[in-house]
Amino acid sequence: MKKELCQVVSNQSIADSIYELTLSGSMVEEMKPGQFVHVKVSSGLDPMLRRPISIASIHKEKSEFTIIYRKQGRGTSLLAEKKPGEFVDILGPLGNGFPVEEASVGSTAILVGGGIGVPPLYELAKQLVKKGIKVITILGFQNESAVFYESKFAEFSETYIATVDGSYGTKGFVTDVLSTKNIGGDILYSCGPTPMLRAIEASSYAPKVYLSLEERMGCGIGACFACVCHVKDDPDGHAYKKVCSDGPVFRAGEVAI
Amino acid sequence: MRSLSIELPGLSLKNPIMPASGCFGFGKEYSQLFDLNILGSIMVKATTPEPRFGNPTPRVAETPGGMLNAIGLQNPGLEKVVTEELPWLEKFNLPIIANVAGSTEEDYVRVAERISKAPNVHALELNISCPNVKTGGIAFGTDPEMAKDLTKKVKAVSDVPVYVKLSPNVTDIVKIAKAVEAGGADGLTMINTLVGMRIDLHSAQPILSNRTGGLSGAAIKPVALRMIYEVSQQVDIPIIGMGGIQSAEDVIEFFYAGASAVAVGTQNFVDPFVCPTIIQELPALLEKLGYDHISDCIGRSWKKNEQPAYHRA
Amino acid sequence: MRSLSIELPGLSLKNPIMPASGCFGFGKEYSQLFDLNILGSIMVKATTPEPRFGNPTPRVAETPGGMLNAIGLQNPGLEKVVTEELPWLEKFNLPIIANVAGSTEEDYVRVAERISKAPNVHALELNISCPNVKTGGIAFGTDPEMAKDLTKKVKAVSDVPVYVKLSPNVTDIVKIAKAVEAGGADGLTMINTLVGMRIDLHSAQPILSNRTGGLSGAAIKPVALRMIYEVSQQVDIPIIGMGGIQSAEDVIEFFYAGASAVAVGTQNFVDPFVCPTIIQELPALLEKLGYDHISDCIGRSWKKNEQPAYHRA
Amino acid sequence: MKKELCQVVSNQSIADSIYELTLSGSMVEEMKPGQFVHVKVSSGLDPMLRRPISIASIHKEKSEFTIIYRKQGRGTSLLAEKKPGEFVDILGPLGNGFPVEEASVGSTAILVGGGIGVPPLYELAKQLVKKGIKVITILGFQNESAVFYESKFAEFSETYIATVDGSYGTKGFVTDVLSTKNIGGDILYSCGPTPMLRAIEASSYAPKVYLSLEERMGCGIGACFACVCHVKDDPDGHAYKKVCSDGPVFRAGEVAI
């Protein structure tokens, strides 16, 4: 973990309101799939807090990494205005990523992403495939114009798309794809909206399941207790996990979602 | 750095800069980023007798120039703080300020009695101003008599000086300050957060699940300065100031208002290196402004017959 | 624009957007920039019985996300307001809200009695919350009994409904709100400014010559929202909300909290076209959020059993 | 008066911490010497208020105008970062400028500027000279590195420089130049720090004297009463003038300074 001014290599729109930003910095050395960075989008007060964004891909050879974000509120809107050559204040890498080591060579991994939960799965997919693991990817989006990275995943994995309005791929949710196509595997990794993660946790598409959670954050490093969740065994007790530093990735069943 | 040392009841500070309670945990996380030994002190997270989970999430929301939090005093409880968190901090050469919280008088007394015996705890900060818990907290901080009584009881059992943390959510902060001074407080810390709220545009519901939360950050700086200015002229005990501090310039402004040391809260989240940066920049700033020592700045906005040093030069 | 009309005591508003008192003078200056007829109303500058010069300058200072002012109720006095300023505004088809101020009860009564007879004054705003004058002002706004008595006396002499402007510098704003409701207030306007201070780095002296001033602007928005949220659930009179409003989104947030109309203050200085812009953008925003009428938003953050309209669709 | 997004033509440092910014916009049509513009240096909250800056020169033919400012606090520091092609939100022109009509053809006008009070005198000088008035200019600065526009004024006026530390021109204040060089004229226009204006008001270098004042501002257009000063005849009364809309230029003796 370090704080570094990372330089913008490129920053472009890749789907409706979705931007892909590549940055260069020495913190790339330490990065793992599923970790995130905490981004200060402007040097002043407006906005004040950092924004947590997942690491979408890591290019160690070039000391570059890519994040993908949806232009939404003030922070991400300002981020979308950054031009190549400018610097962005980044704190990272933060959190514990997806455990690649839990997938054994020759096994099948299912990756399930929804909306802006898709990005962290991309680096994960790359690393799994490199290790010799078969990857099946199911990605869910609102509609056709929101779809991104399909062809990137398709390069090395069996890839299915679901859209809520049916304008592209299967109509419905990622879980509809999982059920109708009867997809199974040895391990499942997922990131996306909480209802999607709950549905996945409630089913049994794979014996091992890892989920990446989101929560509003303050510090991003475990000091402020903003991002705490209950542990599953003790849902009303005082045991807790911090999404920022214990997560964002948890084994299904570890925390209450 | 000799120009930065400050002596306060219980606290020999090499510099008057410390992280504010609740914004730095018990130091472990930030110790991965810099050597905690450079700090003047650490105000550690509030401790209650039993462990607390706190409020449901979302617990934070951003506001213009500030943020709301409703953590709800989550902490591992007195036992664990005394046997694990504080001992871990012993490896640093730091006088710790322990933040004492609870729901009842007995809670405060129990925590204060035990935690004040920890070897590295050199002062207590009595948190009678947390706006995010249903019982205790701010109730003690808005009633002068309750505040005075509680201070007395805590003083009676504490082995170290007691600073009382004041709430800004009151009509007359001087009255509360004088009451806790009369109750035996050795110092004041101020301000805690202002009660605020944000509502989500789409759901029409408050963003925080606690609905309201405590406003901190740069937005509250002028309120903090005004209250320190008013109180410091009316009490004879020192004030550790806080509320929106972001820079060495802000630190001087708090000293001018009447603070004798300061704490940095929210800005740690924005820039985890804010404390080391301020500590590094202060000596040059003091020199530029013509002061030999940071203590020359205390209360300078209201002290009579004291020309700024650069006027004397 | 039918989706924006609001009926309040004394006020038939074509839209619920108006400039806040003290931030728009008596309208002349802004009329050079846009047609005042598009506004819902105007809350004109505070009026006292006699002309006042106000405080020495500097009277304003910038703060993070906000500003301090200590104008000190400068105004041309009742006579001139009634014979010159208000008649000038008659050429617009606008229900005016007159801001009534003073140092004593008699002052308030005198201004209210006369100004409420001006043909275009449709409501009074009783300013018991100005933090920048030595006598009167905030003193009335921090004591429930005084606030209630004053409201009663002003009601007795006023020909139009009376709204009371509340100060946020109190421990319990609900108590004051209920007191003025009991005193006969027809509505509330909230919030006035928070008392704050800035100190100059070089002179070590307060930037404002009045030393302290009133904090306004975006920085105070979360405090305003929280107070409106608390008060609107406890009183049966409508609230005109204000404090840091900058955009149509902010307006909806104030309505959700419990406001039935809003005023824009400081942002007029930043963007003189803020009121026209908000009025223009509101209908589309309401449609996007699924509301037929802005009144559907009032108190939605706390009203039970009412799903947001887009849930009903 | 209008609010307009004016485009940056150029923005460069011309002396120690002093920048010259040329903007283009239709409001130039209405501009007079001695008026000012109210500048929003960033689109967000940081900083929030507009900054009042005098108009230094007007180029109606090109729809351009120039302002000169000292990089000082947050606002002017951000202004110094503006690049050609960017837009700046300007409200203006504001206030009443220097009365050129008060100087009669063939007479002599003395222009006295101190520091960042120098800029508005430049357009004034141009217009006076064009009208056939002789101009004598006296400019005061802290030291040599702070001096700007000397040669520009020297092109069409007798120009004297004073520096406080004596590193350039006469050592001392502009009033020292006025006294030692025995300068006199028919009309005097001045802008600069208040002590300088007071000294000029107290002397009698010319029968007619006009002073441009500074005050902290809110609205800049006369609505908020932030910038009010007493009138000289009634220093404790309730009569007043607003620097933003009645000024910033006043006849010496009109207001209490």
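In this document, chain identifiers A, B, C and D correspond to the written order of the chains, with residue numbering beginning at 1 in each.
Note that in this section a contact is a pair of C-beta atoms (placed from the backbone, for glycine too) under 8 Å apart; a residue touches a chain by one contact, two chains touch by 3 or more.
The structure displayed is predicted, hence computed values, not measured ones.
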| item | value |
| --- | --- |
| Chain D and chain B - chains in contact with each | A, C |
| Identity of the chain that, by mean CA position, is farthest from chain B | D |
| Centre-to-centre distance between chain D and chain C (centres being mean Cα positions), rounded to whole Å | 36 |
| Computed distance of Cα centres, chain C from chain B, in Å | 34 |
| Inter-chain centre distance, chain A versus chain D - centres from mean C-alpha coordinates, in Å | 55 |
| Residues within chain C bordering two or more other chains | 64-66, 217-218 |
| Where chain A touches two or more other chains at once, by residue number | 45-46 |
| Residue ranges of chain A touching chain B (in the complex, touch as defined) | 1-3, 40, 45-50, 91, 215-230, 237-238, 240, 245 |
| Complex contact set, residues of chain C against chain B | 63-66, 68, 142, 169-172, 194-199, 201-206, 211-212, 215, 217-223, 225-226, 229, 244, 249, 252-253, 256-257, 289, 297, 300-301, 308, 310 |
| Residues on chain D engaged by chain A in the complex (per definition of touch) | 42, 44-46, 74 |
| Chain D-touching residues of chain C, taken from the complex the two chains share | 22-25, 28-30, 32-33, 45, 50-54, 57-62, 64-67, 69, 71, 74, 77, 217-218, 266, 268-273 |
